[in-house]
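Below is one structure, written out as structure tokens; the observations come after it.
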Amino acid sequence: MKLIPLADRVVLKQSTPEEKTKSGIILTSTSQEKPQQAEVIAVGPGGVVDGKEVVMNVKPGDMVIFSKYAGNEVKLDDEEYIIVKQSDILAIVE
Amino acid sequence: MKLIPLADRVVLKQSTPEEKTKSGIILTSTSQEKPQQAEVIAVGPGGVVDGKEVVMNVKPGDMVIFSKYAGNEVKLDDEEYIIVKQSDILAIVE
Amino acid sequence: MKLIPLADRVVLKQSTPEEKTKSGIILTSTSQEKPQQAEVIAVGPGGVVDGKEVVMNVKPGDMVIFSKYAGNEVKLDDEEYIIVKQSDILAIVE
Amino acid sequence: MKLIPLADRVVLKQSTPEEKTKSGIILTSTSQEKPQQAEVIAVGPGGVVDGKEVVMNVKPGDMVIFSKYAGNEVKLDDEEYIIVKQSDILAIVE
Amino acid sequence: MKLIPLADRVVLKQSTPEEKTKSGIILTSTSQEKPQQAEVIAVGPGGVVDGKEVVMNVKPGDMVIFSKYAGNEVKLDDEEYIIVKQSDILAIVE
Amino acid sequence: MKLIPLADRVVLKQSTPEEKTKSGIILTSTSQEKPQQAEVIAVGPGGVVDGKEVVMNVKPGDMVIFSKYAGNEVKLDDEEYIIVKQSDILAIVE
Amino acid sequence: MKLIPLADRVVLKQSTPEEKTKSGIILTSTSQEKPQQAEVIAVGPGGVVDGKEVVMNVKPGDMVIFSKYAGNEVKLDDEEYIIVKQSDILAIVE
């Protein structure tokens, strides 16, 4: 099963947050801030979205930083994904 | 009786959520999160919507993921449907 | 007396909600959810509305589903009508 | 003294609400719902309003239904008027 | 000193509200509703405002009715003025 | 050090409010209303801003009235400035 | 590792706020107001953003003033950055 994003949407997968701090203390979930970094899994076709031409500038495999309050969390086959609009991706990490 | 969506609207039908967890416990309704996955039942004609050209990219039978907070729930002949705008559909599941 | 809607507006008339459930219990008004289904009574001319061309796609006699939170309720000659914009009509019921 | 509305504005005058119910009880002001029906007194020239061409479709003397929450109440020579944008007029009553 | 409004702005001066009611009772300030009527003192040049062409239709000396909640109050040389956009002027009083 | 505003922004400097009333009473800071009058210090280049052509109509040295709730306060070399968009400037004082 | 901003975004790095006041008192974090001044680290390509052409006017190394409430804070390799849209940059400090 795979997700094929529509329009200007991008499917992201967040890497699992580290369960331990550097000093080895196991963190409870409330103190674990969600990482804003994720890997691009699939990219929509772009095109005319809401009457405006959108060109897709990210590709599968890119590591990206995305806006903290953006996106829809989706669960598929026990894997969690985040679907964002490309405009919610702030930067590529190289 | 059938629903013929107008403009860029799409009629969805959610599959019934599983009544039991894997371990066999019957869930009460509050712990059952609504699935965001649904089947496309009918697709509007698209065209100029709010002054912008919209091309319809989903078709009846597609399994789709849609935005959690979108759509109007509608009951017809004791069946429940959700009518969303195509822009609230995030991805097709294949 | 009749209502002639302006621009992209549509005059709807809701059918009276059934006063009894299938098992024959008479419902009090709070448990009677307003039906979202209504009949089209009159249709505006469409044309340029808020700077955008609108073509009217519904006609008097159509049974339609409209958005729960849309429309203005209007009383004329003791009859109640709802006036909505065509964009608040989600689907035609056939 | 008279009001000459600017742009897409329309001056309306509400007819006095009936002071008695059919059974002859005199209503206090709180139980008197304002009528949404009014007579068109004066019509602005239309033209380009907020960058969009507006054609005026109502004329003085028309009885109209207008949106309950729209308009500015204005008092001139002890007469009360309501000034609305034409887009807040829902329908003409014939 | 004088105010030269920019773009589609208009400088208004409200006439002093009458201090007495018809029966001669002197009103305290809280019961004196601000008049919505004012005289046009100065008119901006219009032109392209927020990407849209605005033609000015009022001129100094016009008595106008303006929207109750619009405008910025400004004090200059102990005189109070209100600066509104022309679109907040509802009608000219003749 | 100096501030070079971008796009349609204007750097303003407010004159110090008078510390005394006419009758000579020294005011505490809460009763001192901020003056809305300021001097233009620097003017951005204008051009296409948010897709719309903006022509700059104020110049350094102009005394202007600006909207009470607009602008960003900025401190540079112990001097306080306000940076506003030109559209928040209501009028020039001459 | 480096951040490559997309579209009209700009990566900023704030200089560390001074830990002491002029008189030598060490400030606690609540009394330390975040400086609005930052250095430009990386600049997106601009181009068509949300249907509007954006030309980038800042370059790496520029010291800029940005809007207090704008931007996304991002942590990468233990360094903190702020990613803003160029339109949230108010002025260049020279």
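A, B, C, D, E, F and G are the chain letters, set down in written order, and residue numbers restart from 1 in every chain.
We take it that a residue touches a chain if its C-beta (ideal position, glycine included) is under 8 Å from a C-beta of that chain, and two chains touch if they have at least 3 such contacts.
Computed from a prediction, not measured in an experiment: that's the story for all the values here.
Engineer: How many angstrom between the C-alpha centroids of chain G and chain F?
Structural biologist: Whole-Å distance between the two chain centres: 23.
Engineer: List the centre-to-centre spacing of chain A and chain C in whole Å, with centres computed as mean CA coordinates.
Structural biologist: Here the centre of chain C sits 41 Å away from the centre of chain A.
Engineer: Suppose each chain is reduced to the average of its Cα coordinates; what separation in Å results between chain A and chain E?
Structural biologist: The separation of the two C-alpha centroids amounts to 52 Å.
Engineer: I need the residues of chain E touching at least two other chains; which ones are they?
Structural biologist: 51 - these are the residues of chain E that touch more than one other chain.
Engineer: Using the definition of touching given at the top, classify the network of chains in this structure as line, ring, star, complete or other.
Structural biologist: Graph shape here is a ring: one loop, exactly two partners per chain.
Engineer: Output the ring sequence of chains, start chain E, direction chain F.
Structural biologist: E, F, G, A, B, C, D
Engineer: Can you check the complex and tell me which residues of chain D touch chain E?
Structural biologist: Listed in rising order, the residues are 1-7, 9, 11, 42, 48-51, 72, 74, 76, 83.
Engineer: Show which residues of chain B lie in contact with chain A when the two form their complex.
Structural biologist: Residues in contact with chain A: 36, 51-53, 55, 57-58, 65, 67-68, 86-87, 89-94.
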